[in-house]
Amino acid sequence: MRETILSNNEKSFVEKSILEGLRVDKRNLNEFRNLGLFFGQDVGSVICTLGATKVFAQVSCELSSPRTSRPNEGTIFINVEMGPMAAPHLEVGFPLSDSCIQINRILERTLRESRCVDLESLCIIAEEKVWNLRVDIAVLNHEGNVMDCSCIAAVAALAHFKRPDVTTTGDGEFIIHSPAEKDLVPIVLHHYPICVTYALFDDGKIPVADPTALEERVSEASLVLAVNSYKELCCMNLTGVSLTSPHLILRCSEMAAERSRRIVEFIKSILEEDEAQRAKGNLPKGFAESIALSNLPSNFHNEEIVEKIEQPEIVGIAESSSHGETSDDEVKIIDDNTVTSGKWIEVTSEDEDSSSDEEMPEQTNTRTSQDAPKTEKKLHSNESSEEEKTIVLK
Amino acid sequence: MAACVGNSCIPGETLQEERQESSDIRKVVLGDGLRCNIVASSEEHSLPVITKNGILRRRKPNIYYVDSYQKRYIPSKNDSVIGIVTTKTLDFFWVDINASEPAALSYLAFEGATKKNRPEINVGDLVFCKVVLAHPDLEPELVCVDSTGKKGNLGQLNDGIMFSCSINLVRKVLNEKCRLLHLLSKETPFELVAGINGRIWVNSNSLRKTILLRDTILKAEHTPYEEMSNIVNDFATELTGIP
Amino acid sequence: MEIDEDRNNKMRAIASELNILTRSDGSAIITQGGSCCIASVNGPLEVSPANIDMNKAYVEVIYRPKCGLPGVNERYKEKIVKSLCETCIITQLYPRTQITVQAQEMDDHGGLLACAINAVNLAIMNSGLEMKFHMAAIHCGLDSDDNLNIDPEYVPKANLTFSRIQRSSRSQNFKGNFTFVFDSTKKSLIGVNTDGKFTIQQYNEAQKLCKDASRKIFDFYREMVKKYATVL
Amino acid sequence: MSQEELYKTINPVKYLRNFVEKSLRPDGRDLLEFRPTIINKDSIATAEGSAIIKLGTTTVICGIKAELAEPDSSEPSNGFIVPNIELTKLCSPKYRAIGVSLDSQIMNQTLYNILFNSGCVDLTELCIAKGKLVWVLYCDLVCLDDDGSVLDVASLALITALKSLKLPKVNYDLDTKVIKVDDTIKKGINLKALPVTTTFITFEQKYLLADPTSDEESIADTFVTIATCDGQLSYIYQPGGNSLASEQFESLIKQAGKREKYIISLLENIFE
């Protein structure tokens, strides 16, 4: 079955309203939809909802031989699947659809190549036995921005997952303990990379946060930025045809950093709550509980809020610049289909203009903001890099 | 098991109400969700059987149907639908109407159209049309003229926004009991076209108003009839900014 | 919507929500005790020329495990769900079309096949496709002391591995497992799948127990119809 | 084309109905009668175990190839049995020509279930050295002709081939990790139970037919597959379709029991 053709009316309406700073679902250009996270009974199983977009993630692990190139590391494999459940035109099986492959690849770069999972701790006996992690992501409902939703689901599932403990006996033998014998061991995560997607409109001048399925289809390009809570950029991807300015990318990455910080906080708070409940011996009823409370929002125009994440307040940036750590990698900004591969770039802002910053997100997203950005931003990156080190926005 | 009018019914139940009807009207019209002889060689085959989930309704004199939820459109004759032109061939536009296959719309099925004078409609345009042929074994056929060859309010829809919703919402909006559109029109002028195939098109003089209209209509799905004025008030408040 | 019963050889609590997915024509999530399954139904849709049937709709079923790639065991379950869907949907009304059903496992605490079949039934109900009857699936376990347990709750072994080794679908916790499917009109058996070894008496007894228990599920379906008929 | 064939092509349902109304089937059988069964064991010399089964014209050949492998770490003392049936255009036009077909995948799982539900084979018997070396039995089945009831024939072929299996003795040195295969001493494996599968169909709800041909299968209301062993049931499968009354079901189970006794007596004759 083919996807329903996009009507000219919808296309021009979305384009026109974006120019006026309006969106079809009444959000601001920089507003995200409500985020919800629900953990299942098993470790590492989670439903993530972003507006009406719903994703189910499950982490599983198994023992196997390591790769010969990295004999003392476990592996992590990510599999995103979008079937007819996500949207009627999608199909399962081979060949995989382009959008599915793309999400898979970006997630792999975000989670694997940023080395956020401590793979060395997954090694049992070097060159013989390591844990293989597998993250299965099933897209349940595709209402746009599956990218962010799957990324949050994957990170939350990894943070929630626990593997069985293993004791090595020295002579190449080992014992896998059942949960009854020894507590399960969590996976070590160095940092939580979060994807933040912007759809670009008006010749790459207007970024729109958290696009819906309709906005995704109308937009010229989509910019995915994966940032962790330390404001380190883990992956960047620009797909589509749009001439984007570096200024815009910087601005977006700053907003993304703030968004990411809030989401990580949110994930951690929900994890803590879950942990506390489990410690008390209340095994969560799993998804049954979330249904009983009617927490799964059924329609995106329903105002059922699970745990609302406000749109980023820029106030945070000024203060967070103090605890931002310097990283020592380079940044490459190329135009179409840009890829930064596993390198981190730090995005900070100068402290003094925190007050005027508050206006920033709205500003950047209207056409007028191009002419008169009030703030001055700096990008600190590696001194040894051959690229430009500091970009001053004007 | 027998289903009663006004109650919920599930597939497999039989309609027995007709027996109690006065004998002068023998004819019973079965609407959506009721069928005869679905199970061959069943001893109960003379009784109509419910095939959908919902509430059994009856309209005078003897029309029975099941009020059920549905999102996918199944073409039926004389329905007014909103379609998107997907392809143009030699004689036809092929139009997506949210059904299992595209419907055919002849170039000649427009007011004043001739072989030479073809309507100017492009791929991706919206058309409001009527279903003239609907049969499970054939592709549905559409027209943009009424029986007198006049355009009426059929034809291409320009500007505005089209959105998908459940077929029930369209029925609800069009229902006489639902005063939503009436109340909305008192607040502000706007254009609205409801296609029974689960698509609604709205347009007004400002984008913001159109967006708010769309939102209000979608909200109506879970709003009882008597509370429609509330959501219209909310709409007015949001539109003017004055509570 | 919930039906709660005490655990003494009674069904586990059932909860369900319909129409939870905006992009599917019909969808449902159901939990039976700790087991949870989500299902979506789309159709009638355009059918690919390879699968076209001039007399009835082609039903495609996709069954996805919670982790790992789907294997032969999932194909086997797809086959069961597919023939059950063909039984309960009046496919003759939708010739030359396709109906796509997808079921996704979410939590496995026993009786997942039954849970998936019930989820699919609710999703079909929500999609507005015309049906002959409802179907209710019930799982029953035969433990090592030859006791029959209706709809038992248990955590299967090794449920968080994604290995592709072929395994028997039989669970380790019971020596016999039965999944019965009944129809809502005559309450008669329309589908059965079993694992393990058992005597004829045990089979008959299990079937009788499940048949009685199926009433609960049909009552639950009716409640769901009632609830959603007024809400939607 | 004769008049009869023409009639059958035009209205296969009525054609069959005319027969079964008189308690007869188009091939002259009674409704619950089976076609003649032919069992041939050790048909393939190069395989460790093999069998050819014919039921009427439905023919399945099974060859078992044994190989040595390392066991899975979760079950270190279990060997593997991998049934794999080929259902291609060769045996019936209803199968697709290319790739691994869905039908054969489903039948593989069914065969696996039938085999293990009955507790027929103890996988630990295939273990040579725990955690190090086990036997893998690749049971390749090829359907040469599909005229209905393939599952019954395939499962019987699998069981017969397993019964005729002769494995060489293998010595595994835990220290040097040297594998020595001694071809002179060959041993079979102990089958704890012999599940016998019987397929029935219902036709027009009333009629129960045993061992359907492929023509009959194509117009059946529903299928019921019952596997029995030692008077117990080990597998019952009905994938939807029309419902059966419980009396009908009981009579089917009885029939399946009778069939089991007959097949077991055949097997005993061959393997005595």
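Labels for the chains are A, B, C and D, by order of writing; each one numbers its residues from 1.
The criterion applied here is as follows: contacts are C-beta pairs under 8 Å (C-beta built on N, C-alpha and C of every residue); 3 or more make two chains touch, one makes a residue touch a chain.
Just so we're clear, the structure is a prediction, and the values are computed from it rather than from any experiment.
Q: Considering only chains that satisfy the touch condition with chain A, which of them also satisfy it with chain B?
A: C
Q: Most remote chain relative to chain A, going by C-alpha centroids?
A: In terms of C-alpha centroids, the chain at the greatest distance from chain A is D.
Q: When I count C-beta pairs in contact, which pair ends up with more: A-C or B-C?
A: By number of C-beta pairs in contact, A-C is the larger.
Q: Using CA atom averages as chain centres, what separation in Å is found between chain A and chain D?
A: The answer is 50 Å.
Q: From the C-alpha centre of chain B to that of chain C, how far is it in Å?
A: 32
Q: For chain B and chain D, what's the span in angstrom between their mean Cα positions?
A: Here chain B and chain D have centroids separated by 53 Å.
Q: Can you list the chain C residues in contact with two or more other chains?
A: Residues 19, 25, 42, 45-46, 88, 98, 161, 163, 183 of chain C each touch two or more of the other chains.
Q: I need the residues of chain B touching at least two other chains; which ones are they?
A: In chain B, the residues touching two or more other chains are 221-222.
Q: Multi-chain contacts in chain D: which residues touch at least two other chains?
A: Where chain D is concerned, no single residue meets two or more other chains.
Q: Flag every residue of chain C that touches chain D in the complex, lowest number first.
A: Checking each residue of chain C against chain D gives 72-73, 75-76, 79-80, 83-88, 158, 161, 163, 165-166, 168-170, 181, 183, 186, 188-200, 203-204, 207.
Q: Mind listing the chain A positions that touch chain B in their complex?
A: Chain A reaches chain B through residues 4-13, 16-17, 20, 22-26, 299, 301-302.
Q: Applying the document's contact rule, which stretches of chain B touch chain C when the two form their complex?
A: 1, 8-13, 33, 35, 38-39, 51-55, 67-72, 74, 99-101, 136-137, 166-168, 221-222
Q: Chain B touches which residues of chain C in the complex?
A: Within the complex, chain C contacts chain B at residues 19, 25-26, 42-47, 54, 88, 90, 93-98, 125-128, 130-134, 183-185, 221-222, 225-226, 228-229, 231-232.
Q: In the complex formed with chain C, which residues of chain A make contact?
A: Per the touch definition, chain A meets chain C at residues 1-2, 40-45, 47, 52, 54, 56, 58-62, 79, 81, 83-88, 92, 134, 136, 138, 140-143, 285-288, 291-292, 294, 296, 298-300.
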